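Scrolling down, you'll hit the structures one after another.
Next come two complexes built around chain A: one with chain B, the other with chain C.
Presenting the complex of A and B:
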């Protein structure tokens, strides 16, 4: 049976609410129902999915960005490159330039404006995309190199990489509400927001919800550790925005312990919760 | 002036809860900075106080195409390195997607009709909350889907530094963001101590290693707090071993306690639990000792 292609983005706002836990669990569940599944780790600053998915047969592709370098000694010290650069990534000192690669956004503006044709753009590696098998599940991870400032080029490459991958694609997105999260949400047919019933969880899920709704995406909520805090307030918020709650998962110490050890098998009680949530997702995606 | 930032790598390990608990206990005047600007929560746990009007923060620029001048040639769209310029079927002209535009201005080089202008990008808002003469909070809210959050963090820290200069405060405590990217760099740059909160999970340990590499790259001193340590004592041991190998001090180990989220839901800090109060006191003594405060 061919699986229609659908993308589920798991996001949150607040960190530590269970995005990876849910993404990995849903991937396992859909796989057990014989769907073709891709698990995509888009938390490129701190990708942890591989701890649980334990992928094999890894192959990697470097993620490159572009930065300028001097190609010949013809700098006249005019400073037009520095004037043009919006990011202070190139500074003219006498008849040389100093380049700050981590600040460069990769637009070839400085090269274009240099009257002496002294600059050219060259490749620089900022991260890596890794693909592998986790049983029948296809594993793809984006990873930003330590010390790098900007995650978005890695995300752009990652989503290009999986563009034509057919089947159920589960994107494990980063925390927060910045443009990395927006880029991830843009890929989704639906967005599932993981949250916890604390004031932090509520504050952040409101931001994440607004972002998802602004993008015009169908949004759903899951309340994790639902018995530790004020779930009613959380549910009230979701209801006020017409965001259906797919499930409430109480705190289960053995799930926390299994998660801590990188163990995907979270026990029967948890698996039942995942099955309920997966069924609702299938209905929403019409698969 | 001394500065300490609390970061984590992995989200959800307790940065804000620890920062707020410390803030409750600190026995000297302090300026608090909430540097987790796209999910700023510290204000929920710090006492209320008089707040300044939120001020707009501008960071970078975004391109705007004048629809009357545009003739739909598409040169700008072909040139844009970020695919931020799109054709509008209804008008036959081009528009810049402000979320995708990075403000590089490369497109300006290609528009012969000068139809493109750069507008200041409003990235977010910030304000100062004065709880009392000994405690001030500087916080911001990054606009949804914005990038450049490192600049906003840097701005907040500059503001905190100027408050310290003007008043009698000597200490800045920064609640950092998760991850290892630009906003984290801005939050930890030049501080006297980077405190990393970790939980005993392989995920958090992996993130600790990446964050440590990042902080070490900046040549910054680090210390560790292990939160919810009893959820997996094997991994807590691994963290202790990592710390010892790198010569990092573990300030203390906080146990998992269901009362913590209950207290948080009442906008109270874990400091209310006597066992935690003792440990927070210990952590604060450790911090003071390390930074010579």
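Presenting the complex of A and C:
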């Protein structure tokens, strides 16, 4: 079925509310309705989608960044590079420099200001993008290498990678409201916020909502484990910000058991909930 | 070679400056010469850096010719930079003011970090 290309970003605020659960479930549902679906794991610091999607025929592409290195063994130690660097990633010690690659943003100002032309930029791998098939669903994962401090370069590459992918793209976003989340939200035609009716859930979904609204995106909420807390307060907040609630999912032990086993078959009751939510999403996306 | 001893402080008040437990994110540094005279003191602009406060602070001390530094704790990046520059690292054992810690250093009462 030819679908216009639409991107759904599933975000949350608080972690552990069910982003991956919802992303994986929606992907499965739209696939069952014969849409072309791409599941994109944008939680590059801890991608977990592949546990459920179990992709095959994997191919990987490295994500590179750039960092300085000395061209020669020594320099005058003038420290102009250190002075220039906004990230404290390069320090002049005696007759050479010490570089902290994980702090470097690759700008490459140090190379430019060095009066002795003692530095050059070199490539450094910080992550990897992996693509595969999960049945008919296309699986794409961004992964930041362990020990790295900056996820955004991986996300830039990931979103460039899927730029022309047609059909329904479901982006499983990281938790929180950091740069990574903002970058992910920017890709969305709509943003779906998974949340839970606890004090932390409410606090964090407010932050995520405000971010999404500030980005000018259509925002929707889904309340997970809706019977385990104060859903009324949460709905009141959403109403006050004109954020439609697509669904309220009560706690279902079977779902928790399936999820903790890496199993994306969650049973009929849950599938019905997903179908309801998917229908509303289709209406909002006009597909 | 004469020694210069750097102390992280939480307020600038000459010798009476209260010692800051932190290194990379301390408020300021006071630098003594071997005779206990303060030769330099400055606010640490790295203290609010998102990352690299330690490398920045260490870089500042190295630039100012510091030979010895004391702190409650030196982070991994700060340690790396300071050791590469042959700065001796000392552990602060509950001295309250810059003066006190200088005296402890001078009297060999400090342990190397």
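To be clear about the criterion, the second predicted complex is superposed on the first by the 285 of 287 C-alpha atoms of A that agree within 3 Å, B and C clash if a C-alpha of one lies under 4 Å from a C-alpha of the other, contacts with A are read in each partner's own complex, and residues count from 1 in each chain.
As a convention for this text, a contact is a pair of C-beta atoms (placed from the backbone, for glycine too) under 8 Å apart; a residue touches a chain by one contact, two chains touch by 3 or more.
Small disclaimer: the values here were computed from a predicted structure and weren't measured.
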Which of the two partners, first being chain B and second being chain C, lies in contact with A:149: first, second, both, or neither? both
Touched partner set for A:230, first chain B, second chain C, both or neither: first
Which partner does A:94 contact after superposing on A: first (chain B), second (chain C), both, neither? second
More chain A residues in contact [chain B versus chain C]: B
Should A:48 be classified as contacting the first partner (chain B), the second (chain C), both, or neither? first
In the superposed arrangement, does A:79 touch chain B (first), chain C (second), both or neither? second
After lining up the shared chain so the two structures overlap, which partner does A:193 touch, if you call chain B first and chain C second: first, second, both or neither? neither
Looking at the overlay, does A:255 come into contact with chain B only (first), chain C only (second), both, or neither? neither
Once the shared chain is lined up, is A:162 touching chain B (first), chain C (second), both, or neither of them? neither
Chain A contact set shared between chain B and chain C covers 87, 149
Show which residues of chain B lie in contact with chain A when the two form their complex. 8-13, 16, 38-39, 41, 44-45, 60-61, 81-82, 99, 102-106, 109, 142, 144-147, 149-150, 177-182, 185, 199-203, 206-207, 210, 213-214, 217, 231-232, 234-235, 256, 258, 261-262, 264-265, 267
Chain B-touching residues of chain A, taken from the complex the two chains share: 13-17, 20, 45-46, 48, 51, 84, 86-87, 105-109, 112-113, 144, 146-152, 174-182, 196-200, 203-204, 207, 210-211, 214, 225, 228-230, 251, 253, 256-257, 259-262
Parts of chain C lying in touch with chain A, wherever the complex brings them together: 46, 49, 51-56, 58-59, 62-63, 77, 80-81, 84-85
Once bound in the complex, which stretches of chain A touch chain C? 79, 82, 87-89, 91-94, 98, 100, 103, 149
